[in-house]
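Pasting the structures in now, so scroll down.
Here come two complexes built around chain A, the first alongside chain B, the second alongside chain C.
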Partner chain A sequence: MKLPGMRAVVDEGKLMLVGIPVFLWTALPIYHLCLFAFSAKDSAFSGRLWPAEPTLRNFGTVFGQKHHFLVHFWLQLGNSLLIAVAVGVLTLLIATCTAFAISRLKVPGGRWIMNLSLFTYFIPAAFLAVPMYKAMGVYGLLNNQWALILAMVTIASPYSIWVLKQASDKLPYELDEAAKVDGATPLQLFRLVYLPLVAPSMVAIGIYALILAWNEYLYAFLLLSNDKDITLAVALGNFLAADDSPWELLMTTGLIYALPPAAIYYAFRRYMTADLTAGAVKS
Partner chain B sequence: MTFRKTLLLGVAAAFAAVTALGFAAPAAAQEKLVVWWQKGFYKSEDDALFEAVKKFEAKTGVKVDLSLYAPQDMVPKSVAALDAGTVPDVAYGDVYDFQVASKWAFDGRLEDLSDVINPLKAGFAPNTAETAFLYNDKAKKRAYYAFPLKQQTMHIQYWIDMLKDAGIKETDIPKDWKGYWAFWCGKAQTESRKKTGQRIFGIGHPMGVDSSDSFYSFLTFMDAHNVKLVDDNGKLLVDDPKVRQGLINTVKDYTEPYTKGCTPPSSTSWKDPDNNVAFHNRTTLMTHNATISIAAKWLDDMNNATLPQTERDTAKKNYEQNIATAGFPNKPDGKPMVYRAAVKVGVMFTEAKSKARGKEFIAFMLQEENLTPYVEGSLGRWFPVTKAGQARPFWKQDKHRLAVYNQFMAGTVSFEFTKNYKFTVLNNENVWAKAVNRVVSEKVPVDKAVDEMIARIKAVAG
Partner chain C sequence: MSSLTLSDSAAAPAPSAASERFSPWQVWGLILCVPYVLVFLIFVLFPVGYGFWLARAPATYVKLFDDPIFFRSLINTIAFLVIGINLKMLVALLLSGFFVTPRWWIKILSVLFILPWALPSIPTILSFRFMLNPEWGVINQLIFQLTTDDGPNWLNDPTLALALAILVHIWKSLPFWTLILIAGRLAIPSEMYEAASVDGASKWQKFRHITWPSMQTLYLTCTVLSMIWTLGDFNSVYLLTGGGPADLTHVLATLGIRYLRLDEVDMSVASIVCALPLVLPLIYFMMKRLSK
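What follows is the complex of A and B.
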């Protein structure tokens, strides 16, 4: 067996020097999340690396809605899911239609729309929070879950349009031409030719929009008010109502809340890495 | 019809549907009052509020649209509402008094509630409603631009059993200022470490810039040194050499536990929960805190049915036997401490839609039968602002509440921001903890750090 050369060992060592701190930096919060979630109330801050007697009791308290801050846990988790799915679906609908119209039908003004969607990158979403709040107030949508859904679709759409348009541009036009020769209408072209080909990119975009809405805090807490309407992300803020919070329950709820997006991401990671970078360079 | 036309029609129909959905919502005919309130830490707080709201609805026939928010969300949510012009009719937040109420009053954003407060004035304890008596620069007058609800002050909490384990009795704790801090920093810490072999610290001393505990504690130390930064008209007194010297003494005192190694090194960056956490895991023997949340945590645990009996028993022992709540020692001049109370206030914005009903709701909430269950629902974390509330047996039912009661009964003073609203800016910046950190972390001499602090006070509040 050929031993690695000195240069390879040094290169590997350099990578490890960067990789290990980055890994620790990333993994430490997750470790703390788990440590608290599996610790009994009074051992959470014991300073041990792992609880002496790990327990699932905190999960029982959360799932059983047995704490004052968790009385609407399932409802709020459902709200998060409903809003995230609605945002994912609506964003997909808008982005797919727009990308198809610009890329395949070559509608006039398409270039202008693409430039505008790129321009939105320059404005942080937080800057638009108050104007958005005001707009929703004018429409009478404050304290209505539609307000958050529409706001999140607004934020997610430009990037989604950009990525899908770039993915669409890569599809061979000969397929469209062949379909047209066979008498396909634009709607048939969209449904039978375009959608099957961009499906992997749509998965990536749908997940991107879904996770964006799932993790949203600022807009969710501004636009929603009632305890029964808010998302779980906002409800987690209630745990900080005093300087002596039930940290173990906060962390347990946080861990539960972090699992669905992580599971979705890993299930579809192939699409995420391949297709979210599709818009990175102009083809 | 072409595909493009179908698409355009679809988009137009979707927009129309969404708009119709939006405008259809306010069609309800019943009179509505929009109330934003801070979510309570305990279920009993929220239950008392819900009960009062229910009674108000039954009495008036008005539907109260009540939304509860986490404390850190109340100010940004209110500011967003003010910017957007969609304010609630009544709003209450625990940090309004510290951060925004006096500035909103100065800017003329708050409704004058004098007609609500004046008839109830006789029922308020001294130095409570005064916090709500704020200056409006637009109207060029002082009036009750807020309503007082409950109050807090600074307490000391220490582990009795840890002292006992170190061979020290509670009666050994000195009563004089210097002796008191020297005791925790010296004998208590040394003996405790010797007996346990653990790195226990005598004091949990909040110094983080991003913490309200640190500025509340610093200002309490400042009171102990008889430093007054403003007069009753809000005029700055920092040019007085005695004030400067008092501030130097305060910063020296406040930094000493750190420089002597009597507080955990991380306390320079502590946030509000950190002194609680250090105390609970017995890293510190004592700490100062702006409510009795530390003791109340154990009360909460001992009544928590989801915990195993062993943990509940431990919590009961901690609450009833092992933890003490106490006031500060006598001031350096030998006189007893007078504590600064932070009176928590609610407001009505000038842009509120239902002002008359809103005032009716505030007056209703301030009635003893509604206010008392709400304040007592916090299990001792908050103290009443009314004489009747303070006189209730609840405050003498256990040793922690009794200690709180005694501190308030000794008299209180108010924060600078009630006289000069710009002190809310200084508190938000936490110029106090910044000066402390200049000394302990950046090794700046105390007098230089104080001069910088005074310069900042003059720049902001001058």
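What follows is the complex of A and C.
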């Protein structure tokens, strides 16, 4: 057994010199959010760095919908969930079909479709928002949750198609040939060979679209305005407009809203990082 | 097989062209593409075309160029891109080197470090916003306790407010880029570093001659992609400053919404059209990279 030398201690110290600021930088805003959620209003506003008497009262107020900002809390939480799930499912459906057609069936014009969708992926989302809002008005979909669902599917699909196409290009073509020789129809190939093989990428894509829709603020507040239709994200934004925003409740609701995507992200981290960074690193 | 069918029927004057020209496999391929093509036509092509049509009048652009807020937003956007992205990517590059160091506590820290990226932006930006509140925010209360002076009114000074919006943007997106660059570093074969160590290379020499040459393409791609995404970053500015004070901290992403609120849709779209000369080359670069 060797004692750590002077040099090792210095090295460790240097690493700490980076690690501690990184920790503080990352954790402070999140800690501050939690601090407010678990403090009574007076305590939070006094600038304390830890709660004087930690309390769950704010959560009680939010869950009981006992503030005029929060009368539709459960409904809005439900809206967020419904829209996120719908976007996840629809994006998966559309992206899987398109990627299969382009990659395995070699559909004529497939390259074009891929390029158009990539182009869409690279348009900054905020730039498309106003034209999308006007178009939804033309379609008569404003203040209809379908408007947000379809807008988010539009935004989530291109990247999903690209990731799934990359994944399916890697599958050996002998599989398709063998299936053809055995007399499989395209749909059988899709269902029995293709889907099981790209399933891991589909998990990543489904979660990507789900979280994207859950987190979306800009499109949600443009396309929905009725208090009973809006998502929790828009409700949080509306809090801000008030002069005397109940900040402790705002932070509590924000924390509740932030937990599901974070939990999902950590639960599926393996899928997410492997698939979603592969493309960027490959080049 | 399918190409054979194709050339056969092309030679023959086929009456029912569609079913003859494509093999059943390709017909299925076309059917499966229909949903996405419809989404593209209805929710991308039509809105974009309609947008251009709304902003067709030259008078709109004259009015836009006469609006000092438009110019201020352009400058803010450029500051956001030049300062924000270079700072972010440089820190990400440095931190990626830190995070590949094998230590148990760095592993734990890296899990925590992803949080800003994994959390939705609204709650955390609102948390920032309250921290910066001049009277009740924790930062100014600390400044008061330590110096008995009042801290600055952070979000009421346009330069300071924009700098803070850039900082919030960096806070949110730094983990993602660090993660990508970590993956880039891990892809470099470790034998190269071992060989360099044997030759007595210094840390800087290893970075200069091994790490950087392997990563520079990735670094450039990340920078361009980050520029595109940053141009579309609405939340960091809108939720922190709301474009204020006096509309001096708008960027192009929030300016369009401001005009929309003022019921000037043509100006809103025109401000985006003016950004296209900047955006399209970036998009072209990325498509070249990815459509291989």
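The rule is simple: the second predicted complex is superposed on the first by the 254 of 283 C-alpha atoms of A that agree within 3 Å, B and C clash if a C-alpha of one lies under 4 Å from a C-alpha of the other, contacts with A are read in each partner's own complex, and residues count from 1 in each chain.
The working rule: contacts are C-beta pairs under 8 Å (C-beta built on N, C-alpha and C of every residue); 3 or more make two chains touch, one makes a residue touch a chain.
None of the values given here were measured: they were computed from a predicted structure.
Asker: After the chain A overlay, clash or fit between chain B and chain C?
Answerer: clash
Asker: Check whether A:27 is in contact with chain B, with chain C, with both or with neither, and answer first, second, both or neither.
Answerer: Touch status of A:27: second partner only.
Asker: For A:143 in the superposed arrangement: first (chain B), second (chain C), both or neither?
Answerer: first
Asker: Does the superposition put A:61 against chain B (first), chain C (second), both, or neither?
Answerer: Touch partner of A:61: chain B, not chain C.
Asker: Tell me the contact category for A:240 with respect to chain B and chain C: first, second, both or neither.
Answerer: Both chain B and chain C are touched by A:240.
Asker: Output check: A:101 vs chain B and chain C. Expected answer is one of first, second, both, neither. What do you get?
Answerer: After superposition on chain A, A:101 lies in contact with both partners, chain B and chain C.
Asker: Looking at A:41, would you say it contacts chain B, chain C, both, or neither? Reply first, second, both or neither.
Answerer: first
Asker: So which one touches more of the residues on chain A, chain B or chain C?
Answerer: More residues of chain A are touched by C.
Asker: State whether A:162 touches chain B only (first), chain C only (second), both chains, or neither.
Answerer: Second partner only.
Asker: Quick check on the superposed pair: does A:227 touch chain B, chain C, both, or neither? Answer first, second, both or neither.
Answerer: First partner only.
Asker: On the A-aligned overlay, A:186 touches which partner chain: chain B = first, chain C = second, or both, or neither?
Answerer: Both partners, chain B and chain C.
Asker: Name the stretch of chain B, from among 203-211, 311-319, 347-355 or 365-373, that runs into chain C once the two structures are superposed.
Answerer: Clashing stretch of chain B against chain C: 203-211.
Asker: Could you give the residue numbers on chain A that contact chain B in one complex and chain C in the other?
Answerer: Common interface on chain A, chain B vs chain C: 45-47, 97, 101, 105, 107, 129-130, 133-134, 139, 150, 185-187, 222, 237, 240, 247.
Asker: Write out the stretch or stretches of chain A touching chain B in their complex.
Answerer: 40-42, 45-47, 57, 60-61, 66-68, 97, 101, 105, 107, 129-130, 133-134, 137, 139-144, 146, 150, 185-187, 190, 221-222, 225-227, 234, 237-245, 247
Asker: Which residues of chain C touch chain A in their complex?
Answerer: Touching chain A from chain C are residues 1-2, 22, 24-26, 28-30, 32-33, 35-37, 39-40, 42-44, 46-48, 50-51, 54, 95, 98, 101, 103, 105-106, 109, 111-116, 118-124, 126-128, 130-131, 136-138, 141-142, 145, 171, 175, 179-180, 183-184, 187, 217-218, 221-222, 225, 228-229, 231-235, 238-239, 252-254, 256-257, 260, 265, 268-269, 272, 275, 279, 282-283, 286-287, 289-291.
Asker: Using the touch definition from the top, list the residues of chain A that touch chain C in their complex.
Answerer: Answer in residue numbers: 15, 18-19, 22-23, 25-30, 32-33, 36, 45-47, 49, 93-95, 97-98, 100-102, 105-108, 110-111, 113-120, 122-135, 138-139, 150-151, 153-154, 157, 161-162, 180, 185-187, 214-215, 217-218, 222, 233, 236-237, 240, 247, 250-251, 254-255, 257-258, 261-262, 265-266, 269, 273, 277, 279-281, 283.
Asker: In their complex, what parts of chain B are in touch with chain A?
Answerer: Those residues of chain B that touch chain A are 2-4, 6-7, 18-19, 21-26, 36, 38-43, 46, 67-73, 76-77, 80-81, 83-86, 213, 272-273, 275-277, 280-281, 289, 291, 293-294, 296-297, 301, 305-307, 311, 314, 381.
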